[in-house]
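Could you have a look at this structure, given as structure tokens, before my questions?
Letters are used for the chains, namely A, B and C, taken in the order the chains are written, and counting of residues starts over at 1 for each.
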Amino acid sequence: MSPHLLSVDSLSRDQVDHLLRVASRMEPIAQRRKITRVLEGAVLGNLFFEASTRTRVSFNAAFCRLGGSVCDTTGFTFSSMAKGESLYDTSRVMSGYVDAIVMRHPEQGSVAEFAAATHVPVINGGDGPGEHPSQALLDLYTIDKEFARLGKSLVGAHLLLTGDLKYGRTVHSLIKLLSLYDPMRITLVSPPGLEMPSHLIDLVTSRGHRVEQRESLANDFSDLDVIYTTRIQKERFTDEMSESFNGISQDFSVNRAFLESRCNATTIVMHPLPRDSRPGANDLDVDLNGDPRLAIFRQTDNGIPMRMAIFATLLKVEELIEKDLREVRWFVPKKIGVDDGQPG
Amino acid sequence: MSPHLLSVDSLSRDQVDHLLRVASRMEPIAQRRKITRVLEGAVLGNLFFEASTRTRVSFNAAFCRLGGSVCDTTGFTFSSMAKGESLYDTSRVMSGYVDAIVMRHPEQGSVAEFAAATHVPVINGGDGPGEHPSQALLDLYTIDKEFARLGKSLVGAHLLLTGDLKYGRTVHSLIKLLSLYDPMRITLVSPPGLEMPSHLIDLVTSRGHRVEQRESLANDFSDLDVIYTTRIQKERFTDEMSESFNGISQDFSVNRAFLESRCNATTIVMHPLPRDSRPGANDLDVDLNGDPRLAIFRQTDNGIPMRMAIFATLLKVEELIEKDLREVRWFVPKKIGVDDGQPG
Amino acid sequence: MSPHLLSVDSLSRDQVDHLLRVASRMEPIAQRRKITRVLEGAVLGNLFFEASTRTRVSFNAAFCRLGGSVCDTTGFTFSSMAKGESLYDTSRVMSGYVDAIVMRHPEQGSVAEFAAATHVPVINGGDGPGEHPSQALLDLYTIDKEFARLGKSLVGAHLLLTGDLKYGRTVHSLIKLLSLYDPMRITLVSPPGLEMPSHLIDLVTSRGHRVEQRESLANDFSDLDVIYTTRIQKERFTDEMSESFNGISQDFSVNRAFLESRCNATTIVMHPLPRDSRPGANDLDVDLNGDPRLAIFRQTDNGIPMRMAIFATLLKVEELIEKDLREVRWFVPKKIGVDDGQPG
């Protein structure tokens, strides 16, 4: 594997499989039955030039659970960069202080530029419209884990990706990762103007998958295994798109009625979160809260073992961890990692 | 005990006694003679939607002293909540990342709403005009510890609560905790319009305590054991109150002259801090700095063992700690936890 | 040594030598070949009233590498100080929470005022135009280490300090530290109006060093051992200075051409960073990146062992560390602490 994790594009099928396996071995720690101190003495620089509480806390907690320490930095700019310091200087300086860097930045490509000047592993925690590879990996890990629980296989699975498929970087990265696996059937449903870019469809098709595009959810999905829904960001719409979208908005609500009438008892529902719970938001409906098919919180829970796997792999401790496990001594909530989204 | 600590209302006398006992056993750690690693592998999410450096650092340090790691978040809003995420979603997601949550929020009730959706223990670090239970517990612990030092007992003790008794949440919570104990005498002195709410006086009286209300400090307090003074927040005054208050403001200054002329040699002085040291602030006077009766810094020092006790109890490690103590190896300042407020 | 590190003025030659020796013994940890947990259980309060990501992360990482935990606070003011709390109260309260404090503050003298009220060691992380002693110590440590590598000695060495010598606090502190050592030759080159204050020149001269002031870099520096260049902050110029400076600005560029034409093969180039890499910034040129004489990143790398040495000395664990070393188990980048500034 590359010293960094900047994009899913650099990952081979073997490397993805390795990360899935390591993540799986991290479960006892993520579920707080075991602890390890394998990264004792290591320091993570968690650099968030753009706010993202959830992603920052997830990386921070994952590194701590491996025994390391974390130094968080948040804010739109570094104080030294305001004085004209180059990304090169900042990066090289930071690599003398910390042992790994997670960086989130609003500009596409900036994390790769940063990584080029550093001597320590850099993980892209999201670079604007660019990449967010740890999200795609935890999404794939969730599908893999849910399928194992349900006795299903990726071969021939039917997945529906819906919402904003044009700008949503999570669905772009996920579909690339999925395409590395055995042939499956992928249905895409998005409002007009927010379709999946054709080069991604071509890529997936060229790897033997069957891709189908539809304009509405008013279809039969009775053989569906996964719905992956994303928030439609209306602020990105042109006037024409807004008009057209308002007329058909109901078609994009994934809710209990849709699941009951058109899907089946084991169709799982995923979402990269956050979901917009405000009235009229047209996002994944809260009426599915408590339904075991709603996998969104198992999905975020899975961020911990997957991010642990990424750190463990980049820092080359994945083999050491199992020799270093100890029992947790403090109170362990029962539902972590295994609950079904019901209010506690 | 409830899985959370949201309010002092949920605490029984036995539970408060337990916390006082555990806090006392944390003293060797808080005074930096011993260390423990009992919470190794645990992560605290320290979520401050409202700034409070002192409270945040105190919880953070208490968790670290038990061996855990802390991930701080500060700022008026979560980035994801700005995108319409519900408190329910935020809470459920965070509980997959961390093992305990301290939350401070400007809106009353928001911490309880947050706790309802989570699977990990939540501690209310202050919810606006609502509750701040760890402050009340450390206040009670301070009285208990000072009384033990002075050979005094809570039975029949005379306490004076003064300042803003209407809006000051710390005095509300403290008086509730005190009311669980043996009958004592509580005198209330506040400017007109800032009196203690009558339902709290009724509660305390119904539990056998003697409560007396006065409008001025110009009285004999020679049998007084504790003065608990709070900052009067003039920004909350109506015009009428301002006029009336300005005429009598001197009566509410707790200073060396008051202590010398009206109290006794063992009357301790407490304050939830911060105190306003600006000229004309009419807050607890700095002329008491260095007087052994000034207990305000012993009081903040006590925040560490009490917050350790809260974490230890919620995470069920209070029995384990004593088996896990080791000697501190680094430099230990002599005065921590036992000094009298004198400049160092 | 004083319980605090507030200024280089308080340091004797013996104390500086001790810090250099301890820093040297920290190298295996800073270079991530060894780890120690000697500060286990200790908590650092890292209080940055003024933003400085680099300095904050460096202190944070140094404390973590010794096994301690860190609680960061950033922002222009403490929430409690906005309510009128004195620096005395804030300081005394914090000393009950943490075991050491690093404080950066925009006002000269504020860190010393803070230290006077606390019971724990305080390190000045920069107080506006005042002091930044850890920077001067890491600069001296860098010269010492580079000289050892090159087989040179401080006795009779020739150092050039250039740039803003009037306002640059780093050169003031550095020249004071250098003056404690054996006689050397120090050349000062600055634009008119930005000369080194005469009381500092007098101090250094009175200790037996040879100091020479020049107005331009257009001289022969073929026997030069060290160039220490600083950023010229044009925002501090009067109109007259701006005019005069614009005419001669080229003379103050330290770049590859200058090094090739006027210096020698072992002249090392230092800078306190950040350097302004924007076009026309007239700061240290990026065309030296990759040249082994460019020591600026080795210099920032050296911040870790020196800050570890400061913590270890103030917390009196410098003798314990060597008994407590363990091997690093995670991936160690090859170039940390030894590279030459080349892009990675």
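The rule is simple: contacts are C-beta pairs under 8 Å (C-beta built on N, C-alpha and C of every residue); 3 or more make two chains touch, one makes a residue touch a chain.
As the structure is a computational prediction, the values presented were derived from the model and not from experiment.
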Self-contact between copies chain B and chain C, residue sets same or different by half: different
Chain A on chain C, rotation in degrees - Cα superposition, rounded to nearest 5: 120
Centre-of-Cα separation between chain C and chain B, whole angstrom: 41
In chain A, residues with contacts to at least two other chains: 69, 72
Of chain C, residues touching chain A in the complex: 29, 32, 35-37, 51-54, 56-58, 60-61, 64-65, 67, 69-70, 72, 231, 273-278, 281, 283, 286, 289, 297, 300-301, 303-304, 326, 328-331, 333-337, 339, 341, 343-344
In the complex with chain A, residue positions of chain B that touch it: 38-43, 45, 69, 71-73, 75, 78-81, 83-86, 88-90, 92-99, 116-121, 314-317, 320
